[in-house]
Amino acid sequence: MRRLIVAATAALTVLGGAASAQESIKIGYIDPLSGGGASVGEGGLKTFQYLADELNAKGGILGHKVEIVPLDNKTNPQESLVQAQKAVDAGVHYITQGNGSSVGAALEDFVTKHNSRNPGKEVLYFNYAAVDPSMTNEKCSYWHFRWDANSDIKMEALTNYMKGQPSIKKVYLINMDYSFGQSVRAAARKMLGEKRSDIQVVGDELHPMLKVTDFSPYIAKIKAAGADTVVTGNWGQDFALLLKAAADAGLKVNWYTYYAGGAGGPTAIKQTGLENQVFQISEGVPNSGNKAAMDFEKDFRAKTGISVWYPRAVNEMRMFKAAAEKANSIDPVKVAAALEGMKFDVFDGGEGFMRKDDHQFFQPIYISSFGSLADKAKEPFDEENTGWGWHIVSKIDTAQTMLPTTCNMKRP
Amino acid sequence: MAELIVISTLNGVLFGMLLFLLSSGLTVIFSMMGVLNFAHASFYMLGAFFGYQLTRWIGFWPALVIAPLLVGVVGMGVERYGLRNTHKHGHVAELLLTFGLAFAIEEIVSMIWGKSPVDYRVPAVLDFPAFTVFSTNYPAYKIFMLVVSVVIFIALLVTLKRTRVGLIVQAALTHPSMVGHLGHNVGRVFMLVFGVGSALAGLAGVIAGPSLVTQSDMAAYLGPILFVVIVFGGLGSLPGAFIASLLIGLIQTFAVALNGSLASVFGPLDPSLGPSPLTDIWNVTIAQIAPILPYLLLVLVLIFRPMGLLGTRES
Amino acid sequence: MTAAIQVNAVEKSFGNVQIIRDLNLSVAKGERHAIIGPNGAGKSTTFNLISGHIKPTSGEIRLNGEVTSGLRPFEINRRGLSRSFQVTNVFARMTVWENVRCAVLWATGHRYAFWKNVDSLPEVKQRTAQILDDIHLSHRRDVPAGLLTYAEQRELEIGITIAGGASVIMLDEPTAGMSHAETERAVALIRRLTEGRTLVIVEHDMSVVFGLADRISVLVYGHIIASGTPEEIRGNPKVKEAYLGEEVD
Amino acid sequence: MTNAPTPSLAAAKQESSGALGFYGVWLLAAAALVVLPLVFSSGGSLTSFSLIGIAIIFALSYNILLGQTGLLSFGHAVQYGLGGFLAVHVMNAAASHNWPIPLPVIPLVGGIGGMAFALLVGWVMTKRAGTVFAMISLGIGELVASSSLILRSVFGGESGITTDRTSLMPLFGWTFGPQIQVYYLIAFWVLVSAIAMYALTRTPLGRICNAVRDNPERVEFIGYDPHVVRYLAYMFAGFFAGIAGGLTAINFEIANSAYLGAMQSGFVLFSTFIGGTAYFFGPILGAILVTYLQLGLTSVTSVWQLYFGVIFIGIVMFAPGGIAGILMKHRPLIRAGTLGTVIPSYLVAAIPTLAFALGIILTIETVARFSGGDPINLLGIPFVATAPTTWAAAAVLVVGGFLVARITWRRVADAWDRAATVARDRGYLA
């Protein structure tokens, strides 16, 4: 009976939506599509386009087709604002962005100002990867929703894992010298101190971002400090070069990373041969064991040629649909209200929720390591054709990732 | 302490030689033609990608020879059909031409090989630790890079100072019209020199590619530092570039090794002062600013000795 | 009366090579003084030393009694000395009018002014027009200097040199490369324009030298071997031996 | 503005009748700035106009260095960015202390910021021109950009410092929240700055800058210290760059380290050079074109950077005078009345040239989209990147276009020579 009603409603919406179906929901995808960050941005775009296709194949959202509008921001905050304005002018009410906290902060500020100055033309900012904690703390905005765990949450999860690893005794922190790297470093020091006061932080390095060509001197310092574990938020070439220098010098430590799986990362790890020594904190793993997720992964790889690097994007789009249906509207104001506090079964299984206080999504977090895959049936997915893949070392439940917020949310 | 000094010196020399490998071609072109080639790092990138592609097809060692030659041919083409026509409009125009070229090459490379890093690996023959100092391994490949750098330095020096070709090149630099009147085709000499300079960049790319990250934005990362090297060493001076590379390599490496900041020397500031530029400066470590030290050096050198360390002229 | 230019025991070396040895020269105010000498004698170097283009290794140079050795060229220029160049040295992309006007600006006291419209400065306009008239280039006033004929560029060179109204004018081979007719015209021009000023001239053309100069100094190997009136120089045996004997005009 | 060439062949002839034309041009520009948003009223075009306006001031300020004084700078964004930062700080301070500073004077604050930095470092920087200056500017640019990430309390790290332009004292009821009000604010400053910078070229200092550009050695012998001249030029350039930076800060309500970076410095060099450095209005054309391309090209093609590079190379090689240079080359012909004899040959040459250009575009897009992407839409005709017919079409256009274009351009050159000879005879061409 209930099914029938659902079907009938669906049919009605399709019929009723026929008129409005011409009006698609445009999501402005603002990320680098040219220049240095383009490899990452293109991966994200493919992901969102795939997700839009998936939604549209099932009738879209409330009968509206979902359309991704790619906007190239060259990883430049100013350019992002130009693109955001362009998108808004073209009738876009939802923008999504992930790469670069500086861009994220600029966009968050943009939507807040835009919405207060243009009531009735609200825009929502769905953040799928900008992890600066300030965006859901002191700078928080009602119009911003973040599906990625911020860097403090990831550190909370990581340190909760590390506190159960007695072999970790001496930790070295090396990070890129910008806000993300700094928050990784600060959070690591604070949380390790609270949870495992016996762990010694033997080094704490910040190096300029994307300027170092030779990491050997840093490796020499890590070695001299006698570290057994390195925690790093490095990504891109700063990660690859760091790892290469370590392998060259024969440094044997465990690497706890945020973005080892980013474009080029797996290739670098395979090159250095550091099997099962590089760990990653993420909200999803291709070899998660969750059937639905793994089927999705398989189809996604077949269609796009890349792996699902953004399970959070999947959560974002599916939850968007759920919220719109809950509000029975695609009006951004109503969708925003529906999203607040919403609970949602996440991509890799388990429950997450969008905290009302700060619009931060909380979800289970995984620690995985990179190496050869023993059981191809259970763990079928490798990365970047290296033959190696991620396998889960530990799962940290949603409750273990909760952190308080300083957000003083201003509601319209 | 001894460990730190020995290892830092070794690392500094290795890094410095990589810098020299990259900047030698730039210096040769500049000393000869007075052209600051902004696209030099792009030629280096072309070398790396050609090297990568050829390694997949025919192996590393043939690639080591062929890829630089290909880059040299590209360079000669640029000189023949681009720079030569621009020469009459002055050095600024030449420089801007290479500026535009750098943009185009980056995009072309990313069109062909994509924007992600490619899997360009150290050849198996050289993939072993050459020796170990204080339990730190030094891979054979790095030693290979060092040897190539030194060989190139000596070969260039000998060619420029001791051979007829070198004499013509040197003379064409100071008195182009005279050399022209003596029956040498200055145009062809220029083209050849530009080709050789580009080929050197290409060679650097083939060799540095596996050790660094071979990606379409690799040129943008290394471009500015190369200018620092050749300006610091003295525009157009090969020994200057050699010394500058070593110095910059050592300075950067030692700076990284040092943890000192003003706070660690004079004690932390009173926290009640709150965040200010002073606290920022107070707490920044030498290691943190290591990679921007070369630029500081560049500015200081240009202010106090505009011809650079061993240079003889200003522009 | 103090001399316009007084050079006392000046030496100049480039590395190990001594170009100027114990150079002594005195040019009285209002005098037309020519410096002659064989090629490579150091005439241009002497010019460069006096005008501040290069600094002497030792010795002293005075302009109107004031020590100027060690000063920068513009400082010397502001004290009333202006020079021309052997190789044409004008502002190639600017028009003839602009070339001369730039040379007028400092002397008329406008200096680095960025609050005045350069086109509405009557005295600048008048003086520039006058000089253009004097050097017979009024009809070419809007032509970029780089596009002038060689002789015109030489005339412009003289125009720029005298435009500032300096009391001491130094001309470095002003007629070099000119035809006979052009030379005659240039000499008349120089004579007229330097009326009442001190003139120092380097020249190879002896007819120009002997027709124009009140006094002549002969420079050989960086040293002045004789100084005097044209008649004295003609009759000087040292000059005959060292210079006229070798390079008879 | 077209009567503002530096080496004007006929400035004097115009002088008497020029005054009216001179004010006329500026009045016309002012009217155009007022009317523009009424004609193109969509939000998108307002944003574009605002950005173009800022780019114009920035490029004009750069040309004080490159075109007027002959200084090639690779770090002009430093003054622009610092002006932006100072503007943001003053805006925030004014908002929190309730200072009675209306928003329209904020760009002036930016200008002072840019000038103050130039004042500070300019003296040692401008000691020498040429390569030394270029390299010092590169070094200073890198240093300041890097330091901006270290001095977090001033520059706010890489996320920068935000501000709210509406929080300042409203002026005549304008809060400057809506983009249209910001547009008019920018337009006002564009006009004021452009007039000021044009006036600067007509002052004794402006003329001496040209002299320093042409021949710094000779300048020393007409009483000027070229070092002082360069220093002053550098300060003025810094001032106007700072104004542009202040306007950017107002427009985006944020200042971050990207303002100071090499990208910005390169962008302004591009604009100025493409527009043409020899004429005052050149950078204006360049700024309009480059900003427009930057906004437009990115949504049309993913390889916009390649087109930028190709356009730039083309300009450097074939028209080093930039767009303004091309236009001004025709001026003597127009005056002599012989332009008409050239135009037919242009029209003939345009066809194969266009074909050649289309062929290049098709080739580039074919390569770019070979491994996937939408079909190429060229003049409404769809081309599939993987289809051999597309390759053939590209090859025919490139090779055929090139060969035919070469012949037709020779004819243009002949026609030009004839027209120029006539113009020379009539006294309009030296």
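A, B, C and D label the chains in the order they appear, each numbered from 1.
Everything below uses one rule, namely that a residue touches a chain if its C-beta (ideal position, glycine included) is under 8 Å from a C-beta of that chain, and two chains touch if they have at least 3 such contacts.
Predicted model only: the values in this text are computed from it and were never measured.
**Student:** For everything except subunit D, show me which chains still form connected clusters by touching.
**Tutor:** Leave subunit D aside; others group as A, B | C.
**Student:** Comparing centres built from CA atoms, which chain ends up most distant from subunit B?
**Tutor:** Farthest by centroid: C.
**Student:** Starting from the mean Cα coordinates of subunit B and subunit D, work out the distance between those two points in Å.
**Tutor:** Each chain's C-alpha centroid was found; their separation is 31 Å.
**Student:** As a quick test, compute the distance in whole Å between the mean CA positions of subunit A and subunit C.
**Tutor:** Here the centre of subunit C sits 75 Å away from the centre of subunit A.
**Student:** On a C-alpha centroid basis, what's the spacing between subunit C and subunit D, in Å?
**Tutor:** Computed from C-alpha means, the inter-chain centre distance equals 43 Å.
**Student:** Let me have the rounded angstrom distance from the C-alpha centre of subunit A over to the C-alpha centre of subunit B, please.
**Tutor:** 36
**Student:** Considering subunit C alone, which of its residues make contact with at least two other chains?
**Tutor:** Correct list: empty.
**Student:** Would you please write down the residue numbers of subunit D that are in contact with two or more other chains?
**Tutor:** Where subunit D meets two or more other chains at a single residue, that happens at 146, 150, 303, 305.
**Student:** In subunit B, what residues contact two or more other chains?
**Tutor:** 288-289, 291-292
**Student:** Any two chains that touch count here, so list every such pair.
**Tutor:** After working through each pair, the chains in contact turn out to be A-B, A-D, B-D, C-D.
**Student:** What part of subunit C is in contact with subunit D in the complex they form?
**Tutor:** My answer: residues 51-53, 72-74, 77-78, 82-83, 85, 89-95, 97-98, 101-103, 105-107, 110-119, 121, 140-144, 147, 160-161, 163-164.
**Student:** Can you check the complex and tell me which residues of subunit D touch subunit B?
**Tutor:** Residues 72, 124, 127-128, 130-132, 134-136, 138-140, 142-143, 146-147, 150-154, 262, 266, 269, 273, 303, 305-306, 308-313, 316-317, 320, 364, 367-368.
**Student:** Over in the complex, which subunit D residues touch subunit C? Could you list them?
**Tutor:** Touching subunit C: residues 6-13, 15, 199-200, 202-208, 210-211, 213-215, 217-225, 228-229, 232, 236, 278, 430 of subunit D.
**Student:** So in the complex, which bits of subunit D are touching subunit A?
**Tutor:** 42-44, 47, 51, 146, 149-150, 157-160, 162, 164, 166, 177-179, 248, 252-254, 256-259, 263, 295, 298-299, 302-305
**Student:** For subunit B, which residues are in contact with subunit D within the complex?
**Tutor:** Against subunit D, the touching part of subunit B is residues 36, 82, 85-86, 89, 91-93, 95-97, 99-108, 111-112, 224, 227-228, 231, 235, 275-277, 279-281, 284, 288-289, 291-292, 295-296, 298-299, 302-303, 306, 314-315.
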